[in-house]
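Here subunit A shows up in two complexes: once beside subunit B, once beside subunit C.
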Partner chain A sequence: MSATAPRLVRLGNAVAVPVTRRGMTYAWSVTALVMVLAVATLSLGDLGVPLDHLPRALTGGADGAEAFVLERLRGPRLVVAVTAGAALAVSGSLFQTVTRNPLASPDVIGLTAGAGAGAAAASVFWSGAVPVPVGAVAGAVSAAMLVHLSTGRGFSSPSHVIIAGIGVAAMALALIQYVVLVGMRDQSTALAGYLAGSLSARSWQHAALVGAALLVLLPAAALMGQRLRLIEMGDELADALGGEAHRTRFWSLVVAIALAAAAVAVAGPISFVSLTAPQVAKRITRAPGAAVLSTALTGSLILVVADLAAQQAPVVRDLPVGILTAGVGGLYLGFLLVREWKKGTL
Partner chain B sequence: MSGDLLLRARTGSAGRQTRQRSPSRRALPLAACLGLLGLAVLASLALGSKAVSLPDVLAALRGQDDPYLRSVVDSRVPRTAIGILAGACLAVSGVIMQGITRNPLGDPGLLGVNIGAAASVVTATAFLGVGGGASTVWVALPGAFLAMLLVHVVGSGRHGATPVRLVLAGAVLTAVLSAYVQAVTLSLPAVFDSYRFWVVGSLAGANAETSLQVLPFVVAGLVVAAMLAGPLNVLALGDATATALGAHPSRTRLAGVVAATLLCAASTAAVGPIAFVGLAVPHIVRSVVGSDHRWQLPLSLLLGPALLLAADVVGRVVLRPQELMVGVVTAFIGAPVLLVVVRRMRMAT
Partner chain C sequence: MNSGLEARDLTLCYDDRVVCHELSLQIPDDRFTAIIGPNGCGKSTLLKALARTLRPSSGQVLLDDRPIGARGSREVARRVALLPQNPVVPDAIRVRDLVARGRYPYHSLWRQWSPGDRAAIDEAVELTGVGDLLERPVAELSGGQRQRVWVAMVLAQQTRTLLLDEPTTFLDIAHQFDLLELFARLQRDGRTVVAVLHDLGQAARFADHLVLMKEGAVVAEGEPEEVLTPDLLADVFGLRSVVVPDPLTRTPMVVPVPSSVPAGTA
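Then we have the complex of A and B:
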């Protein structure tokens, strides 16, 4: 916790966001980093728009090849990375706060895999009949319910939730393999994209979808974040202070599932962003609970970095970005586990 | 036998499940497992993108009938053989891993041992140019062993291993290693014509040599496993009691690790990493015959191949003429078993 008391930034009567100096510094520096990496994403590599052309190109003065790169190849991809990363991160933060379980993020409990299965089914089996986001939401809700049922005690026990999540994720990934095999025969790269999550060949429609979801859901998440902080003091006290514990939890999970589903619908079940981003943000800003803006920015940063690596880094080039996040994020999960065990909380 | 007396002496809630059962109550499951295995073998020979009627299968096996049917059935024989071997390996190593760690969630797939073996093979093939043929198992062995060791060390921490920790450590290892395997196989498509084989496991690439190459390892692993039946029963009583009774828990565990490593490496080298068979089969067997390892092991030995072959047949039939890989089907059949086990488990927090 910060030594200085946070200032309150008010938006009408309903929302008052506490702002610490540390949090602000963090948010601004992460924003700057994302900007730098965005410029790098657009300008590096064979097809990149040269740096000196970039300001003109971005303001609409691009000619043929550069316009194609900006508008078709890298632009949408970059925007999807920023928005999907933010959505995943905030979703993870809400989950972790509601369940009071640092490991219960949508990727660990099998929710993103379920959303991926729903999205894959919607795009391959019922393409046209069922919109992909609807499929993703249905998949995410089914996965969450399955985990909830099979733990026998809701989301509260970290170990039950995670193991049930492993099972649900395994089933969902099996479903994705089946769906993709039915739909596209033997394309291993396409399959890997569906299984791990990929950002290649995204369009502005994809970007618009996550963007719209963020526009609606981020304020909702901020509101929930406030209420959730009350709940952290205990249900009775929260109720007395107007926190309405049960309703807050329910709606927080609804917002979290919707955010994760929106991200997965456009980018596939990218794993470990929603686990790591809230933790990183929390550790650096030292803010309790979910500081929505910092978390969202951290998620964007992680996914933009991973995607830049997937586009330009020598060894891993052209791999689906989800494989990179799985590799690095998996190690981070291991680190978290060992730390929890040392504390004796798991 | 001492194990029997000890099992009968157990009291309380655990004792209910392990009470002595009459021989007839065990002969029946044994016969049932044999029957299931027989059915699965026949189905594996008869069904697929081209269905062959049972009389034709038998005729073709005897070497008669028209050459087309014979070639169809002949092509399914090695696949069935490798399915039997791999299923036996997975199920028996599951029993051993659940036994030596007293962990109901033991499974070579869940604990990351199979993907460890796969990563080892993929590394050797991609960067060292070794592997292929008989050496595949030798390459898979260190990977399986290291994975087992790593999961155990990470999962144990300071306060000793718990089922949950082992599974979580396994999940981490699986996430990292399968990302690695995917990355390598996707980056070098020329080296790995079948990328998915090393990520999920499949019986499709099996040929007669594969079975022969892994056979010695399978036999060695099964022999060690067979000798462990009694010691595992004693180990089930807890380390302190087992030691007091003159048993050697650490020796049992070491032998168990050796057997499980051999079996996991052999099955992964032959069919790729397959999860959940080693989890599901011992649980099903235990619910029928109780926790006596002298029954668990042989029944798992029969039921594992039956389950794997059945899953393979399902994978061949659902997408005709395409095939769904057996690892996908076992995940779908086996993961619900994990959910049921989790629901029953009483865990810390």
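Then we have the complex of A and C:
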């Protein structure tokens, strides 16, 4: 029996990247789904741009109320959902791969809590002086650095990273609670919305920030994919194959932290997208390793769905989107835990 | 005869614990070398250093007379392969994809498939007899099948030298012999095989060069008959034994002396 050559995406002789039929089908399907949901996001509800106006409106022919909805209300919000979802998902995928732990994510290692604490401090203590997104990025990076320092061996030991992360997350949550307690009431209310993760009232600047981060970091993540697949087999084997496990892990985590920080700065610490999207993509494509494109698209899909529900669905309407993703994510986390437990690996 | 792997004054540590101190060793080319010794004597650590996965505290490993640490990691990986003791099976991976990962040293950032991949994978699959398993998830395989798949992955690396860290430890006796026969065949086909083994009889039967280690140092090396002597075994393992020829292969067979037999009678 012959091991047939895989399908390759080729560019002359210089580029040859294997892809699976399943992975391609999945990527196209999710892309189509995201587009359908995007149209729904723009056109549903009282303020929506009617479907028959949409093509003209999108090509610059919108005016009055439609232009306002498209350019100020729903357009930026939709783009932030797509980009932040992708960033969180790929960040989570990198975390999970380098720690060889399906439960790892920027949430678990304290990054999102750190971002929340930074945002909280910025909005309550230095209101006006430090913009909330800047506070969030500073908080996320500080949390990551704290984890790096407190493991005693940097990011080289996955289990140490996770344990240190849980500690840093707990400290960050305590800081948030303290800020909320001492903060003024109105600021705390606005802060509560941010801390749950929200996409309402986003601007094109927000979208541009995450978009720019993706433009740089997604290719970086994709280029590391090969070496990440080696790390899955253990550091020793990765090293023996020439994969340089420690260096790869360090740079992957830098990219993962940057992606999560960009998303969190703009959308708040939206829970569980980074935990669930990589797992969903992996299970459906049956592709081991970090399949960057499928993972990114899955993250976009989850966040666009959740945000559409937050805008239009009865009962949950107007809840911050982070609460919806946490609801879905919580169920999924339970499923994962039970599965791991049954396998005896937990 | 020796142009391949050589350890020169190698000191190996984990954090602050010294495992090997100024160890020198020449791995003979085109032979089957078995590294034997008690638990914790530094066998696996030495193997890691030979594979460039553990950086020595001092001394160096030479590959073709050049320091291994000064060479590119992929370049070394095209020459020397290591099968660690406990490799991790990635989630949901199929046999075909796992074997293909052995081809990484031949790829580059943009070229993740090289023209030689197909022939190398086919050959590795054929040698290890895992052709019927290609579409199966690795996690569902039995221990013996799984170890064959790992060996196939390492063979797909197409290296002249194979380093195997206790490749038979968790297998039943039939699968152990199966694999050892395979390694012996690989050596006859022109590869240099180095394996850390626990079973002395198996080491004597399949390997033609033994390296006996104790507390991080090489105590003896040579033909199985020279290394497996009652005196050396008593010194290294603290084991009273008699050594008799294997009835089938005439290679030395170690028979431990039970404590019920008084000293001097055996």
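Definition applied: the second predicted complex is superposed on the first by the 265 of 346 C-alpha atoms of A that agree within 3 Å, B and C clash if a C-alpha of one lies under 4 Å from a C-alpha of the other, contacts with A are read in each partner's own complex, and residues count from 1 in each chain.
Keep in mind that, in the parts below, a contact is a pair of C-beta atoms (placed from the backbone, for glycine too) under 8 Å apart; a residue touches a chain by one contact, two chains touch by 3 or more.
Predicted, not measured: the structure shown is a model, and the values here were computed from it.
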Which superposed partner A:Gly234 touches (first subunit B, second subunit C, both, neither): second
Which of subunit B and subunit C A:Lys282 touches, first, second, both or neither: second
Which of subunit B and subunit C A:Arg100 touches, first, second, both or neither: second
Larger contact residue set on subunit A - subunit B or subunit C: B
Partner chain in contact with A:Gly154 - subunit B first, subunit C second, else both or neither: neither
Which superposed partner A:Glu244 touches (first subunit B, second subunit C, both, neither): second
Touching partner for A:Gln226 - first (subunit B), second (subunit C), both, neither: second
Subunit C - residues contacting subunit A, complex: 48, 51-53, 72-77, 80-84, 86-93, 96-97, 99-102, 104-105, 107, 109-113, 117-118, 121-122, 125, 131-132, 134, 157
Subunit B-facing residues of subunit A, complex: 146, 150-152, 157-160, 162-164, 166-168, 170-171, 173-175, 177-178, 181-182, 185, 188-189, 191-192, 196, 271-272, 315-316, 318-320, 323-324, 326-327, 329-331, 333-334, 337-338, 341-342, 344-346
Residue numbers on subunit B that touch subunit A, as the complex places them: 105, 110, 154, 157-159, 164-165, 167-169, 171-173, 175-176, 178-180, 182-183, 185-187, 189, 195-196, 200, 275-276, 318-319, 322, 324-325, 328-329, 331-332, 334-336, 338-340, 342-343, 345, 347-349
Sites on subunit A touched by subunit C in the complex: 1-6, 8, 11, 14-18, 100, 102, 223, 226, 229-230, 232-237, 239-244, 282-283, 286, 288-289
